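Note that subunit A is present in both complexes that follow, paired respectively with subunit B and with subunit C.
Let's look at the complex of A and B:
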């Protein structure tokens, strides 16, 4: 029974997306409650799967019982289950928030469509994590990008259409490059199953180096465009800042990470450490990660729209994760995984608290945040916790991930990377601290300094508090998560 | 002559690569949004051509079992089947981006990237 759970998870999401239109005539709370139920079911089954994988080891699932040479195969190991659990847990929090807010700018009759897209998005993300097949990954990637772009363009505004169009164009270039890489690998191995391809690549490396080199180039560039790694980041700030707040949180905290996880899968499971070191991929990754960490923060300083600023901050934070991958060591990979978790939590908290401010006060400009900490204490308090985490202040998850990255850099003997980490931390402080200072220390002209809980729906307040609590809790007790992440990193090789 | 032979032997691969570069050039340099979508389609065609060309076997026949000719060499059908999925995906992406272009034309009154960028920067200045 337990071995059937992965496919049941996927079908639950797909089924939920398909039955939402049937409830069009009923009250909308029926749809949201049912969706929450589905999310909780998948959450429980992910926990069961995680327990099963840790105690009994990884297992394969053949779709339709076809042989792995012909059919699609799912691989359920610590890596895929842990990250699917992370995605589902984070989405549950954001989902509860979105039932209060769904929505700034989305017409009321589009709510149902929004949730259809959300569940197809979840289906594609879990599929990408579970699948053990390169071509299947491509198909799920396209489902993911088409639902993402629909979520961006669901608000009927000018800038959403242009941002969505740019997203489609660049992402399509990325996926076609990836597909070209798959074709080049198919040419030498004759398979699309990741493990069979990996065996073929290892034995064919001395015979067809040109083919494999081109394939690595196409695949890493393609996924790099989709993951918004530094020189290819231009679509991200527009796309993430124009989407409704709750979907900005999902796009920034989860969807971008899924592409990075595909990249980790390809680098470590398909090609293996020996080949990627022979073609100097780690050096390339470290250089672009360092430039991205600095430049993303510098662009963020120049922004006045708070959501665009958070978008550019994501570009810098993706640099941290890529840096961890680029060290190609156990410690580096573990630090990258931890930063995927901690950035997911912090960026979700930032986007949701800013979303609450936009919902309540209708302001988006950084300069209008004067004294808002007294009118919206909960939202701005969570914002401050997450922003301090981004800077890397102790007691938060951000500190632990920077500590781990620094230790990994020392272990690899790359002192330059530590300098980059510290400089990037200072730059983060340069654009997050002014918002906190103006929110809590400056007076607003026409409002008195009365501290009281803001009047926004409870369904928006509770997720914010939970996120803030999680950032501090994991920052205080990271041990359990780190050992799980180590198991996940071990399961890749 | 060996160069020409190599060229003729690999004409599918060279053609695919050339199409890919043409498509990429169209996507990156043209400011007309419809031409960009065409560029994406050309890139897609390049990848599909490449994939199908891999499955070819010299002297092979279509992979339909023929009882009268048991020694027949069949071409590899798997890449063609994969590409059917790929075509469907690119068609849906094309349809979606074309519908976005319609919306952009309704809201901006133009489908030229440079004019749209000019309008956006004017909006931001106000």
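Let's look at the complex of A and C:
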């Protein structure tokens, strides 16, 4: 029975997306409650699966009982289950927030559509993590980009359409270069199943080095565009800042990470460490990660719109994750995984708290944040926790991930990377600290210094507090998570 | 369009287009075509009706409500056929092993559940076609 849970998870999300339009005439709270129920069911089943995988080991699932050479195969190991649990948990928090705010600037009759898109998005993300097939990954990637572009353009404003159009054009280039890489690999091996392709690539490496080199290049570049790795980041700030706050949180904290996880899967499971080192992928990744970490922060300093600033900050933080991958060591991979978790939590907290400010005060400009800490203490407090995490102050998850990255860099003997880490941390401080200072230390225009909890819906306040608590809790006790992440990194090889 | 020739020809030709669509859907497992191609044909016939007789009349025949039910229903049919496989053999979308009759290969009644899946896809594609077209017509320009 437990082996059926992955497909049931996928079908629950798909089914939920399908029945939302049928409930159009009923009250909207029915839809949101049902959606929350589905999310909790999947959450519980992910926990059961994680326990099962840790105690009994990984297992395969053949759709339609076809042989793996012909059919689609799902591989359920610690990697896929742990990250699907992470995605579902984070989305539950953001989902509860979104039922309060639903979404600034979205027309009332569009709410149903927003949740349909959200559940198809979740379906695609879990599918990408579970599947053990390169072409199947491509299909889910297309579903993911189509739903993402619809979520970005759901506000029906001119700037949303511009951002969505730019997103869809660049991401289509990314998808197609990934598909071209898959086709080249199919030419060599004759399969699309990841394990069979991997065997074929290892034995065919000496015969067809040019084909495999081209395939790596196209696949890594294609996914790099979709994951907004530095030189391909230009779509990200527009797309993430114009979307409604709760979907910015999902896009920035979860969706981008899924593409990075595909990249990890391809580099380590399809090609293997020997081949990627022979074609110098690690060096390329380390260089673009370092440039991205510095440049992303410098771009962020120049922004006045707070959500655009957070978007550029995401570019820098993706650099950290790519740097961990580029070290191609167990420690580096573990640090990258940990930063996926901690950046997910911190960026979700930042976007949601800024979303609460935008909802309550209707301000987006960084210069207007004077004294806002007295009017919205909870939101700004959570914002400060997450911002301190981004800078890498101890007691937060950000510190632990920077520590792990630094240790991995020392282990790899790359002292330059530690300098980059420290400089990037300083640059982060340069654009996060001014907001905190103006929010808590400056006076606002009305000279009010009375602190009271802001009047925003409870469903928005509670997720913010939970996120802030999680950032500190995992920052204080990272041991359990780190050992799980080590198991996930081991399950890749 | 107030042209008697176009209206008469459209009235004549729509049943044949739809019949051909149904034929393509049901023969998806033995000949080229299938759920998507056949569904697109049925959808196109409805688009033709909208073009000739106008959106108001078309909506009386095939309203938004109906197409919403058809869209969700097509996929739900597909998923529920897959669930039969989970119950009987323990694997999603199992075909012959889950007890669907294999029939006489090459004839229309063969291939286990594939014709039924094609019907689901056909319904979904046809209703999506017409919904997309109606949405594009009604979209107000920002």
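Definition applied: the second predicted complex is superposed on the first by the 492 of 493 C-alpha atoms of A that agree within 3 Å, B and C clash if a C-alpha of one lies under 4 Å from a C-alpha of the other, contacts with A are read in each partner's own complex, and residues count from 1 in each chain.
Everything below uses one rule, namely that contacts are C-beta pairs under 8 Å (C-beta built on N, C-alpha and C of every residue); 3 or more make two chains touch, one makes a residue touch a chain.
Source: prediction; values computed, not measured.
Asker: Using the touch definition from the top, say if A:272 reaches subunit B (first), subunit C (second), both or neither.
Answerer: neither
Asker: Tell me which partner A:19 touches in the superposition: subunit B (first), subunit C (second), both or neither.
Answerer: second
Asker: A:169 in the overlay: touching subunit B, subunit C, both, or neither? Say first, second, both or neither.
Answerer: first
Asker: Answer with first, second, both or neither: which of subunit B and subunit C does A:158 touch in the superposed model?
Answerer: Touch status of A:158: both partners.
Asker: If you stack the two complexes on chain A, which partner ends up touching A:180: first (subunit B), second (subunit C), both, or neither?
Answerer: Only subunit B; A:180 stays clear of subunit C.
Asker: Of subunit B and subunit C, which one touches more of subunit A's residues?
Answerer: Higher number of touched subunit A residues: B.
Asker: Would you check which partner chain A:11 touches, where first means subunit B only, second means subunit C only, and both and neither mean what they say?
Answerer: After superposition on chain A, A:11 lies in contact with subunit C alone.
Asker: Output check: A:64 vs subunit B and subunit C. Expected answer is one of first, second, both, neither. What do you get?
Answerer: A:64 sits against subunit C, while subunit B stays out of touch.
Asker: Kindly list the residues of subunit A that each of subunit B and subunit C touches, one partner per complex.
Answerer: Correct list for subunit A: 158, 161.
Asker: Contact residues on subunit A for subunit C in the complex?
Answerer: 3-4, 7, 11, 14-15, 18-19, 21-22, 24, 61-65, 156-158, 161
Asker: In the complex of these two chains, what residues of subunit B are touching subunit A?
Answerer: For this pair, the touching residues of subunit B are 20, 24, 27, 33, 36-37, 40, 43-44, 46-47, 50-51, 54, 76, 78-79, 82, 85-86, 89, 92-93, 96-97, 100-101, 103-104, 107-108, 116, 120, 123.
Asker: Under the touch definition given earlier, write down the residues of subunit A that touch subunit B in their complex.
Answerer: Residue positions touching the partner: 70, 135, 138-139, 142, 145-146, 149-150, 153, 158-159, 161-162, 164-165, 168-169, 172-173, 176, 179-180, 183, 186-187, 190, 192.
Asker: Along subunit C, where are the residues that touch subunit A in the complex?
Answerer: Residue positions touching the partner: 68-69, 71-72, 75-76, 79, 82-83, 85-86, 89-95, 97, 142.
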